[in-house]
Amino acid sequence: GGDDDDGDSGDTTAAAEEGPITIGAAVDQTDLMQFFDGPALAAAQIEAEQINAEGGVDGRDIEFEVEDTRLEPARTKSVAEDMIAGGADVLWVTCDVDWATPSIQEGINAGVLTVAPCIGTDQMGPKRFGDAGQLAYSFGNVAQDEGAALAELASDKGWKSANVVTDESIAYTQNACQAFKLRFEELGGEIASDETFTEGDGTINSVVNRVNGSDADMIAICATTQEDLPAFVSGVRGGGNETPIAGPWSIDGAFWLPKDPQVSNNIYVITYASIYGDDPNPDVRKLIAEMKKQGAEPATGGFVTGAAALQGIVEAIEENGGSTDGEALASTVEGFDGLDTISGSVSFSPDFHTAFGREYRVIEIKNGEPRFTGLIKAGEPVSFD
Amino acid sequence: MLEIRDLEVRYGAVPAVRGLTIEVNEGEIVGLIGPNGAGKSTTLLAVMGAARVRRGEIRVRGSSIVGARTEDIARSGVSLVPEGRHIFPHLTVDENLRLGLVGRRDRDGVRAGLDWVHGLFPVVGEFRHRPAGALSGGQQQQLAIARSLLADPELLLLDEPSLGLAPSIVGDLWDTLGEIGQRGVTILLVEQRAQITIELAARTYVMHNGEIRTSLTPADAGDTDRIAAAYFGAKA
Amino acid sequence: MNVLQTLIDGVALGAVYALVAVGLALIFGVMRLINFAHGELITAGGYTLALASAWPKAAAIALTVVVCVVLAWAMERIAFRRLRNVAPATTLVATFAVAFTLQAVWLIAFGPQGESADVLSGLNQTAVSGELSIRWITIVMLITGGLLLAGTILLLNRTTIGLQMRAAATDFRAARLLGVRADTVISVAFVIAGVMAAAVAVLLTVQRPLVTPTFGLQVTILALVGVVVGGMDRLWTATLGGFAIGFATSVLGEALPSDQRVFLPSAVFLLVIVVLLLRPGGLFAPRGAGGVERV
Amino acid sequence: MTRRRGLTQFVAPALLLIAVGIVGGLTSAGTQEDITSVLISATMVIALYVFIGNSGVISFGQISFVALGAFAAGLMTIPSAVKPTVLPNLFPFLADHSVGSFESLFLAAGLGALFAFLAGVPLMRLSGLAAGIATFAVLEITHNVLRFWDKIGPGAQTLALVPEDVGPYEAMLGALFAATVAFLYQRSRSGRLLRAAREDPAAAQAVGVNIHRHRLVAFTISGALAGLAGGLLVHQIGSITTEQVYLELTFLTLAMLVVGGMGSLWGAVVGAVLVSFLDIFLVDAEGGVGVGPLDVDLPSGASLVILGALMASMLIFRPAGITGGRELTLRLPRLGGRGPGEQPDEREAAADQPQPEQALAPGTRSETPRSET
Amino acid sequence: MQALEGVSLRVDRSEVVGLIGPNGAGKTTLVNLITGFDVPDSGRIELDGREITAWSAVRRASSGLARTFQHGHLFAGLSAIENVEVAALGVGARSSHAHMRARELLEMLGLGDRADHDASMLPHGDESKLGVARALATDPRYLLMDEPAAGLSEPELPALVNVIRSVRDQHRAGVLLIDHNVTVIMEACDRVVVLDGGRVLSEGTPEEIRANPRVAAAYLGTVRA
């Protein structure tokens, strides 16, 4: 039993294989990303407790060592450096590849498996980090997959034409809508208008006017829950336009919804899990209940990726007979094909170090109230090449 | 009217006024002269509560004003024409004058007061809508004096009012000071024009290095040697 | 897209910045202080609205005014009062520091994700629809902006306290020597700025319902640029400058081809530089008023 | 006499930087990183000082030179072999060439200087707020272009895979170099004339000082040092994003300069070192740290509040900055036992007391719209 | 608003020309025009035979045209001696020479013991003197002084007059001297120009001017001077 086995976590492999498995988490607890990092980490820690309670991984406990990066690059690096020097077996990083880069580079250069729970671009791997990027993975959905799933949803709903609105400030939203457009057209849809803005650039109301002037069965918006998204929704509805609005996980959450029930209406979101008490998976509901008890109530469905990432890490360690050797773990993770996790089945490939293949929850917001209405899958993620 | 006793003022560690004692009776014109850096301006600022008094006592109408706020002193009938004018360059000439009214205790007679200063200094009427900063140096000085007169003070403190004024204007100003002195306004006049100050004032103190060296009366006005001696530090 | 609608959108965005600009220009006019922390007053107002959104609308708005006024007054009392006679760079940085501190407070208190505060969301509806679309909020903002501007100009130019404010601004000590109760007068200016910030918060949340820790900062920075470009020395030029930067942003955004639209900020700021080089005293400042050095 | 005293004024900032560097070299890996950051901040603040301190003109644009330096030094040290995969849209010239880390610092400084010079030629004609806003516009444009033009860099993404060659010693050498340049400049003819012009532009013109030219010199030197700082930064962290070298850094470095006292090199160095260390300490305190008998444990995010409030109060209570904007003269023979960061000698300490009561003192006169009054 | 109208004025080297006139006569405006701080609507300005009307203030200063200001305009954050040194540096002196020259000038104006004082803390009279020292440090060929005696105490005036004379005699520079102190004007000047309402009212030797009734009416007033 490893419960009370609190041995010295020295650097040598031998010692490490006896002591607990340390996951060094260099995450943001202060700034913007705490909103994503916090719930994911909390879910992972709950999952870890459960695993430990059931005897750990081959008898070894999982321990999280958490440090706040405050989203400062130098600190992000120094924190990761300290963790690796302190013998962390796996590095756990912030949910945004750009903010996480200084820590990711520390991890992969030290040969440690480096995992982000909810990065959503295809950049968490060799695409960004060259060969060493082999060691970097994210258990978030790759945007190519989410965009495709959004298109499938539109097609299921019978929407034939779409106004597409893309926030160009980050790669994730751009990729998601790009994928949506490609898949939507493959499925016979028509792109009625294709609008862009950059979060905070002040042009959102012009976009609103153009969208309101263009007839389509739906509006697909790939944006983040900052100021422009609610401004967009208010503007569209204020103009008397009741067209359904749909978007990927990045618009999940009820906090940003304008309070007016006539405004927050007819909006569709695909996400990892329903946080509105009606998720179809009882394990997810239990996890949410547990998080609430700890005062870490999730605000979007993304939290569940934290638990899924931990499950993936554990699975990889177990498949490697308890070794935490980075390269070995990495090749196992890359090979996951339909790995069953609490967030559904996830797959990776040499092209995509960010997960794909999940079954998404479709949330519909009706008169200000979000609720779970069904499941959707992308089939294959879109490829841009 | 004004009693200063044993006054000490410092800038940082450096004393600018040390142990100064002077007295100005009601309706009296008293001069204060002395070389550059003697501490004359500092003394006036101390009376206005604009320089911190380290030690000593300042009484106006018998009551101590040490520690009182500048604006309260200004509203109690004490008015200073500061060194270097300190007009408000971006405001018009008229607006500058209206600011003089802020410290005025009674609202009656504003009209008459305005007419009076316009008569004394025609420029302030002529250029009333111009930004004060566009006035020439001497015109600004006239504006500063007019502004103080409009406050209708009981105690008028003037810091080198003749600075930059053409001789004819200085003459007129001196006449005016004499007049308002006769009307009961108490005047403490800091000047560099020693001779004409001594002539005008009932008593003129000579200040040196933060202290009063001596005092002169109108009788000394012609005695340039005595004045020079007083300036350069010989105790007379 | 038709040209008229482009212009209308420009006016709508301009109105937002003009509204912020009046508040900035008031404090600058009175204090010669560029108050970066003005944005935090707006943010505070926004959060108040969000938290009181269940209240009756009038009560929520009244509370917002109270909060903004108290915060504005406190800022002046605690921080800016002591900085009256120091180098402009110092006061400027001090206002950053205050803004930075308050943003950190918002972050701790409300988290990064934001709170929804659409109290007057009805104003989002279109007043004119069809070919052209004009929202009620645009009209309300223009009217409010105009009223605030006119009111402030009247206050500063036509009242004694306004005159005292302007005097205290140029030469604080000389004003006191004349009997101006400078502390009081300046507090009043901040209180008015607080009211304006509250008005901005109420109107801004109509268009931008989500209040985040940087809610007020973003508009403030751009409005400030506009204020300087328009001409900081006069209220109306400053306000018009705020309007102009919003208008230019919107119209340039339309003018750029959509694949170049990400470079909108470059286009706007290039224009800013050109205007400043040609008219350093401000775009709308009367000729010859340029080049007065400040800051 | 002035010359010798002048040289001793360089000793204090140099010693402080060296002390920080040496202490940094002896600590754990993570702390070394923190110390390196302190020294790089100091380099940036010194760069700011060269222009702002000497000219008295606020610039919000210096961080754009840091950005340019960082991206140039980063981009050109990524091995050309991997560039096509990670940065597929790059101009061929940029994709095909690479230089060593050391050379890249020259590149960063050179580009910083060039950019500053080109921007400065028109902008240095402006003063006051107009100059502040125009330089802010430079920052915005630089940020916008770097962020979205993927032919010259990574675009909206992080520039990764940069060699991580800068530790405490390298950063210390960089900061010392910057301090030396700043010191030599402030004692040069151009520096002295610019400082005079800062006090009164009209009077400076009346004695034949070409303000535009000297501002441009200072701006260019400042650009070079800022570029250098950018190069150090990218080689410290190994990656860079446009957000890192944008508004927050601009405000923070400005605050460091003003808190230290923007009139002196010593102020720049003290401000940077002090505020950085304060930040580090407060962050540690968030994690729980013992200060003597006290156990400080702050809630997450509280450190930012405290840092902001401390900066604000330092400015409120010492508006001229901690150093009063004066240089610290260390007399070498008396140095024994004295740390470099200690009190200025008494005479200077007395001289820089703020004097809130010096009402209407000469020099506090209000301005007039006339060119001369 | 026309501040000056049809004014012609000539100052030669080694000559002190007084410029007097009522407040607002346009004296300072004239100095501003000559030194390039203001632009004339018409007319031309020549320096040693070269037209300089279009030159910048900086270029004029570097070509030997120095001025003092009627009010303020010292380098406030700098010490008295640095104020003077900088002026010498501005027109190209070497730094060691500038320092020596500055010390000399301060002594000459009686500011020797104020050398290390911050200029912003000087009493008013010393400010005037420092302004003169600073202008002299540029080694001018022509020096325009706008009320240098303002704020000086009466016993100090003879010393100032001596300084002005020595500028003429030793530096062989031409001086245009504006002041309201008639004694100083009379003692220091070779020739006096009277300006009134933007026009030249009269011109002549000090004695002629003093005796001129129009000048007395426009400027001197009746009694005190």
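In order of appearance the chains are A, B, C, D and E, and numbering begins at 1 in each one.
Just so we're on the same page, contacts are C-beta pairs under 8 Å (C-beta built on N, C-alpha and C of every residue); 3 or more make two chains touch, one makes a residue touch a chain.
Note that the structure is predicted; figures quoted are calculated from it, not measured.
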Joint neighbours of chain E and chain A, given as chain labels: D
Per Cα centroids, the chain farthest from chain B: A
Inter-centroid spacing, chain B versus chain A (mean Cα positions, whole Å): 76
Approximate Å spacing (C-alpha centroids) for the pair chain C, chain D: 30
Averaged-CA centre spacing for the pair chain D and chain A, given as whole angstrom: 38
Centre-to-centre distance between chain C and chain B (centres being mean Cα positions), rounded to whole Å: 43
Per-residue multi-chain contacts in chain C, two or more chains: 107, 170-171, 173-174, 177, 262, 264-265
Two or more partner chains touched - positions in chain A: 30, 34, 168
Set of chain D residues in contact with two or more other chains: 148, 300-301, 304, 351, 358-362, 364-367, 369, 373
Contacting residues of chain C [partner chain D, same complex]: 34, 79, 82-83, 85-90, 92-94, 96-98, 100-105, 107-108, 170-171, 173-174, 177, 224-225, 228-229, 232, 262-266, 269-270, 272-273, 276-277, 280-281, 289, 291-295
Residue numbers on chain A that touch chain D, as the complex places them: 29-30, 34, 67-68, 70, 73-75, 77-79, 81-82, 85, 97-99, 101-102, 104-105, 123, 126-130, 168-171
List of chain C residues in touch with chain B within their complex: 160, 163-164, 166-167, 170-171, 173-182, 233
In the complex with chain A, residue positions of chain C that touch it: 1, 5-6, 9, 12-13, 53, 107, 111-118, 121-122, 124-126, 129, 133, 135, 206-210, 212, 215, 218, 222, 246, 249-250, 253-254, 258, 261-262, 264-265
Contact set on chain B toward chain C in their complex: 48, 50, 69-71, 74-75, 79-80, 82, 86-91, 95, 98-100, 102-103, 147, 151
